[in-house]
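Input: structures, listed below.
Here come two complexes built around subunit A, the first alongside subunit B, the second alongside subunit C.
Now for the complex of A and B:
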C-alpha cells in the first residue's frame, strides 16, 4: 500500500511537470524576436504578400491567446476573441488529438520528423551510454578495489583526462584519425544501401556509428568511473564490509552481495540525469559527425523559428528527463527501501 | 574491446570496398554543408532544393554559366510584335521519369499551379506578369503577359514543369504545400532514387533525356554539417567533389595532388552591402510604419562618398575572404555578367581625399573630441552600425569599417541584431543609420535595380530610402525595353547613377570556392564567368576517369 502511494505520488508530480512544460514551451518561443514566415531571408523576390500568405498558412495571423493584451512583447488578443480561435488553444487541441503540427521549415508533420530523429539519437546515445556505463563501472570497481596502487592512479588519470576533454575537440580528432583509416566520417548510412539485405545495412550503420559512439563513450566513461570509484571506496570503508571480510567471504562475494548495490545509488542518479539531457545534449557529437539526430533538428529549428518542431522537441526532451528521473527514483526505492518510508 | 573495434573496422573496410566498385559511368559523390528544405518546388526556399530541382526537372529555359539563357523544353519561341504573347513549341519526345509523356498541358498546369498559390514564396512572384497560359495542342504553349517585360527567360527558368497526372491531386489548398513530393517524378536528366532529409539525396541518370543524357550513372549529394569536415571528406576520398569550403582550407587542399580547387563568381549572384539610411523626411513612409530616425549627415552625398573613399575594400577582401572576392562597386554584382557595368572604376581607397571631401562640405571637429560634427554643430558624426547576428563575416567587416572610418573622424556604435528584428528596424521603418547586409538575387538585374527606386520605399524593399527621379524613369524604361542591347545600356546607366550618388558602400562580391578530385571524374566545367560544379551543365558532361 505504502509502495503504491509512493508510486502514485511520484507519477502525479511527473504529469504535473509535463503540463507545466507544455504551457511554458508554447510561450517561450513566441517571446523570441523573429518572424517564422520570413525566417531571416533577405531576398528581393520575397514579397510582402507572400509573407502575409505564409503567415496565414502557419496560422500566425491569429492572436496568440485571448485576454492578455498587455503582456508584450508577445502579441496577445483581446478577450472578445473566441479562445478556440487562438494559437494557444489550437496548439492544445491538436496536442490532445495527438498532433504536433506541421513544420514551418520542411512542411512535414512534426511527429514524423521527431520520430525519425529520435530513433537516430537513441541509437547513438544508447550505444554510447551502454558502453560508457559498462566500461566506467568495471574500471571504477577495479580502481576502488586496488585503491592507492599504480593501477588506481593510472585509471584515475585516464578518467579525469577523458572527462575533461571538450566533446567537439575529441570528436574532430577522432574524425581526422578515422578518415585516414577509411572510416566514414559523416551521416549514418551510405546512400544506396536501402536496397541491400538487412545485415549489410546494419553493418553499414554500425561502421558509421563507430566514431561518434567512441567519442561519446570516452567522454562519459570517465565520469562514471570516477563516481563509481569514490562511491565504492565509501562503502568499502563501512563496518559491514569489514564484517563480511571477517566472515571469510571472498573478494567477489563482498563486492557483489554487500558493496556494489549500495555503491550504485549515486551512479543511478547521474545516469538518469545524463540519459534525459543527452537526448538533446548530443548536439556537439551530432554536428561533428553530421549525425541526423534530434540535436541537429533543434539547432535548425531555432534558426528558422520553426515553432512546431521546437515545441515538439522540447516536449519530448522534458518528458524524457522527467521519465528518466521517475525511473531513477523508483530504482532508488528498489535499491534502498528506506527511500519509500521517508 | 580492441577485438570488437578491429572487427567493426574490418567490416567497414569490406563495405567501403563494395561501395566503391566501379560500374559503367560511375557514381559521383558530392559533399555539401546543407540539405534541401523541401522537394516541393512551391514551398522550397533553400538553394540546395533548387540545385536538386535543376537536375530532376526541366523548364522552358536553361541558365548557362555565362549568364545567358538557352531554350530547354521548348525547341522554338515566337514573340508577338507588342511583346505580350509568347508562343512556345515544345519538344515532342519528352517523357517523365514514370514513362508518361510531357505535353503542353503539363506546362500550363504547372504555371497555373504556381500562379494560384500566393504563399509560394519564390514561384508565385515569377508568374506575376502572366495574363493567361494556354495549351492549344500538345506541343504548343501560349503565354500572354500583362506587360511587355524584357526578361521572360528569367521568369520561366525556375518555373519547373510538374507532371499534371501526379500533382493534380495536390493542386488545391493546404495539400499543395504539405505534399512532400518524395517520389519527385520529373523529366530532367536525373531521376530521384532516395531522399533522406539532412542525410543525402540519391539520384540516378535519366539516359533517355531528350537534350542532355548524363554520362555518369548516379549522383549522390551527402550532407556534412560543417565545411571543415567537407575538406576532410574530399581529402580522404569519401566524396569526389565539394560544393563549398572555407577559404582557410584552400592552402591545405592545394597541396593534395588529387584535388583541384576552383573559385569564381557564384552562379546565384550575391552581394554584401553597407546600407546608408538616406530617406528624406518627405519620402518617409509613415503610412507603412516609417519613423525615419536616420542620421541627417547620411543624406549628404559628400558624407557617403567620403566613407566609400575611406573604405579599404581590398583589405576587407584579404582579411575577411582571404582574397576570394572582388571589390564592390554597386548593388549589381560582377556575377551578373553582361548586366554588370564593368566600365565603372570604383572609388580609390584614399583617406586624404575622404578627409578633404568632409572638410570642404563643412563637417569640422568643432569640440576637438576626434569626431567630426555637423556643419551647424548640432550633433557629431556618430552612427549606429548594425548587422544580422547570424552572419559570420559581418562582425569582422564592422570592426574593420569602424577602424577605417575613425581615420576620417567618423565614429560608429556597433551592435549585432537578430535578422528579423533587423528587418523590422530597417524597412520600411528606417529606424537605423548604417546596416551591413547582403542580397541574393536573380540572374536578371531587374529586382536588384528595383531596390533603389522610390516606389519601393513604402514596400520595405528599398533599404536606403534613396530617391532619384532620373533613376526611377530609367528603371521603368528598362523594365519594358525589349531590345537587349538597349536594355543593357539603360542598366549600365542606372549603375553609373547609383555609383555617382554613392547610395551604398559595397565592400565586395564574394567568390564561391569548390573542389573536385582529379582521380575520379573529369570534364567539370570551369573557366566560365560563373562557377557551379553542382549545376546540371557540369553533371551531364563529366565522365569517370579511365584507370
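Now for the complex of A and C:
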C-alpha cells in the first residue's frame, strides 16, 4: 500500500514539473523581449492576411494571462476577462491538440518536424548512453576492486580527461579525423539511400552513427566510471561484505552476489539526474555532426531565429527528460526493497 | 554522505595555522598539485596576454584572402584563422574572456546555491520543502537547452551570458550545501549556541558557515569548470558575444567558416586545447582539494591482504590448565600462540595492534575477551578468520584450529575453514546483513557454499530449522533485514552463524547495540545453544557483568597485550593485574550496593604513541619506576592464571 502511494506521489510530481515547464516555456517566449509571435507580425515578408491569421490563431490581441497588466493572475473577479480567453490557455489548448505552431523557416507544422526528429535523437542518445554505461560500469568495477593500484590510477586519469573534453570539440576532432578516413561527414543517411533495402539502409545509418556515438560514449563513460567506482568502494567497505567474506565466499562470489547489485543502485539515480546533461551533449553532438535530431533542431532554430521550432523543441526535450527521469526513479524504487515512502 | 574530516575539528585555530596545515597535506596530493600548476599557468597567460601575444588583439594583418587559414609558421606559431588573424594571439586573449565568464558566472551560482542550501538546511520545515522542490524541478529541466533559449531570446552579450549561466548553475551546489548544513546543524556546539539564545543569523555565520566552507570550495571549483564549458558551448552554438572572442567563439568561427574543409586543423585544435587545459586543471585541482578536505579511507574488504609473516613461535606456548566449569579432558579446539598483529601504512611505522597474545579454547568453553575500545580485541577476533582489513598483518605467532595451522593456509583453504569450522557473529549494526537480499537467502547462501548438494526443499527446511532454533518463525525468512527488529537481526545472525555446524563461534560484541532486555534474551540464547550443540564461543565484550554470568575463562586485553588471562572465578576473586582490579572496581556489584564505583582516569594509549614500558603504567595506581621502562613478560601464576605485571613476578610458578 505504501509503495503505491510512493509511486503515485512520484508520478504526480512529474506531472507538476511538466506543468511548470509549460508555464515557463510560455512565459519565456511571450514575455522576454524577443517575443516571437509579435516579432513575427512585424516581419515585412508577411502579407496582411497572414498577419491577421497569426493574430487570430495565437490570440495575440487577447491578454496574455488573466489580468496580466496588473500582474495579478489569480484575480478572477475584478478583471473583465474570461481566463479561458487568454493567450496562455490558448497556448495550452493548442498543445493538448498537438499544435505547436508553424515553423518560420519551412512553414511546416512544428509538431511534424519535431516528431520525426525525436526518434533520431532517441536512437543516438540511446546507443551512446548504453555504451557509456556499459563501459563505464566495467571500468568502474575494476578500478574499485583494484583500488589504489596502478589500474585504478590509470582509469581515474582517463576518466577525468574524458570528463574535461568539451563534447562539441571532441566531436569536431573525431569528425576531422573521420572525414580524412572515409567516414561520412554528417547527417544520418547518405542522400539516395532511402530507396535501398533495409539492411543496406541500416548499415548506412550505422556508419553515420559511428562517430557521434563514439563522441557521446567517450564523454559520458568517464563520469559513469567515476560514479561506479565510488559507489562500489562504498559498498565494498560495508559490513555485509565482511560478513559475506566471513562465510567463506571467494572474491568473485562476493562481488557478484553482494556488491554489484547494491553498487548499481546509486548509478540508477545518477543516470536519472544526468538525463538533463545528456541533452546538453545531444545538442552539441547533433549540431557538429548535423544529425537530424531534437538537439540539432535547437541549433538550427537558433541560427535561423525560428522561434516556434525553438520553443517546441525545448518543450519536447524538457518533457522527454522529465519522463525518463520518472522512469529511472520508478526503476530505483523497484530495485531497492528499502524504499517505502518519501 | 560522510562528514568532512574538518567538520569534526573545532573552529578555533587561526586562519594562518589552518592554511599551513592544509598546505602541508595538499602538497603531497599529486593530482591537486598538477591541477593547481595548470591553473597558475593559464591564469598567468591570461593576465600577461598583452606581453605574451606577438600581435595586438584582433589585429588585422593583411586584408587579402591569402592570409586566411595559413598553416603554422615562424610569423604565426599557430597559423591564422578565418579572418587572417594570428591564432596564437587570439588564443591568449581568449583565455581572458573564457576565464572571466567562468569565474563570474560560477560566483553567482555558488552564491545562490550556498544561500539556498544553508537556508533550506538550517530553517527546515516548509521553507526547506519548498526550496528543495524548486531545486528538484530546476535539476530536472535540462540546463543547456534552457540557456540556449534564454540567450537566444535576449541579447547575446557577455554580461547576459554570465548572468544566465550563473542563474542556472546553482542546483548541485544547493543540494550539497543543504546536506552539509543538516549534518552540522545537529552537532552539539550548534545546539548549545541555540540553547543560550544565540540568534539564527549569528549561528549561521559563526558556526555553520565555517564548516560548510570546505565542501563549498570544492564544489565551487567544479562549478567554475562547468561554467567555462557552458560558455564555450553557447559561443560555439552561435550565441556568444560577437565582440568578445572567447575560445568557444573561435571554434564557432572556425567550424562554421570552413576550417574543416580546408584542413586548417590549427584553428580547431588550439582553442579547444585551451578549454581542455583549464577544465582539466580545475577538475584535478577540485579532486585534489576534495581528497584533502574530505579524505575517504579508500580501502575495502576485498583488497589484497598483507602477507603473513612466518616466524617460529617465540616464547613458551601456554600449558593448558583446567577450567572450574568444564571437564578438563575436553579437547582443545582453538589455540593462539604468541599472536602479534600490526597495521601497516606507507608513511608511518606499523601500528602494533596486538602483541604476543596467547589463549586456548576447549570444546564447549565460553571465553570472554574483554577490554576497552581500541585494545585490540576486535583485531584479534578478525585475525582468527583472516578477516583483517587490508592494512592488517599477522607478524608473529600461530593459530591452531585442531590440527590445522591457520596462518599458513592458502586463501582457498581458508575459505573452507571459514564458517564451516569457525563462524562469526558481528556487532548488530544494520548493515551486517545485506539490505537488498532476504534473510533466508543469505542464510541459505552460507549453507550452499559449504555443501553444494543442498537445495530446494531440504535447503528451505534447514533454513527454517535454523531460524526456529533462535526463535524466529519461518515466514520471516522471506523478509528483508530492515523489516527485522534489532534483536531479531542479531538472532538471525546467530542462526546464520550456526548454519554449517561450526565448532567455534566468535561473537564480536553481539549485544552492545541492543537494549538491556533484548540483550538478556540473546545472551541466554547463545548460552543454551552452546550447551545444546557443544559449541565453543569466544565472546568479545567490554561488559564484565555479562562475562561473570556466562564465561568459563576470561582474557583481559589492554593496549594490545594480554593483561590477564585466567579462569572466570580467578578473575573475579583473585585478579592480579591492576587493570583487571580497576575494571572490577568500576562495575557495580549487587551484593555491595553501597560500594562506590571507581573509574580509571586517563585513556588507553594510541597505537602510534605506545609507552616504552608497561602499557598500563601511565594509568596504573600501583606503578613504580620499573614499570615505566620495561614491559612486563606474561607470568604464569598457576595452572590457569597468567598476568603481565611486574608485581606478579614474585609469586609466579617456575
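Assume the second predicted complex is superposed on the first by the 276 of 342 C-alpha atoms of A that agree within 3 Å, B and C clash if a C-alpha of one lies under 4 Å from a C-alpha of the other, contacts with A are read in each partner's own complex, and residues count from 1 in each chain.
Simple rule for what comes next: contacts are C-beta pairs under 8 Å (C-beta built on N, C-alpha and C of every residue); 3 or more make two chains touch, one makes a residue touch a chain.
As the structure is a computational prediction, the values presented were derived from the model and not from experiment.
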_After the superposition on A, what does A:204 contact: first (subunit B), second (subunit C), both or neither?_
first
*For A:186, select first, second, both or neither according to whether it touches subunit B, subunit C, the two together, or no partner.*
first
*Identify which of subunit B and subunit C touches the larger number of residues of subunit A.*
C
_Touched partner set for A:236, first subunit B, second subunit C, both or neither_ = second
_Which of subunit B and subunit C A:303 touches, first, second, both or neither_ = both
*Using the touch definition from the top, say if A:163 reaches subunit B (first), subunit C (second), both or neither.*
second
*Which holds for A:288: it touches subunit B only (first), subunit C only (second), both, or neither?*
both
*Check the residue A:321 against both partner chains and state whether it touches subunit B (first), subunit C (second), both, or neither.*
second
*Would you sort A:175 into first (subunit B), second (subunit C), both or neither based on which partner it touches?*
both
_Applying the document's definition of touch, where does A:250 land relative to subunit B and subunit C: first, second, both, or neither?_
second
_On subunit A, which stretch or stretches are contacted by subunit B in one complex as well as by subunit C in the other?_
33-34, 172, 175-176, 179, 185, 287-288, 303, 305
_Contact footprint of subunit B on subunit A as seen in their complex_ = 33-35, 38-51, 53-54, 56-57, 102, 105-108, 113, 135, 172, 175-176, 179-192, 194, 200, 203-204, 206-207, 210, 286-288, 290, 292, 296-297, 300, 303, 305
*Which residues of subunit C touch subunit A in the complex?*
136-137, 139-146, 148-150, 152-154, 225, 229, 232-233, 236-239, 251, 255, 260, 265, 268-269, 272, 275-276, 279-280, 283-284, 287, 296-303, 385, 387, 411-412, 415-420, 423-424, 426, 429, 431-437, 445-446, 449-450, 480, 482, 493, 496
*Would you tell me which residues of subunit B are touching subunit A in their complex?*
1, 5, 8-9, 11-16, 18-19, 27, 31, 37-38, 40, 43, 45, 117-122, 124-125, 174, 177-178, 180, 193-194, 196-200, 202, 218, 220, 222-226, 228-229, 232-233, 235-236, 238, 388, 390, 418-421, 423, 437-442, 447-448, 450-451, 459-461
*Tell me, which parts of subunit A touch subunit C in their complex?*
13, 17, 20-21, 24, 28-29, 32-34, 144-145, 147-148, 160-161, 163-169, 172-173, 175-176, 179, 185, 233, 236-251, 253-255, 257-259, 261-262, 265, 273, 275-277, 279-280, 283-284, 287-288, 298-299, 302-303, 305, 307, 310-311, 313-314, 317-318, 321-322, 325, 335-338
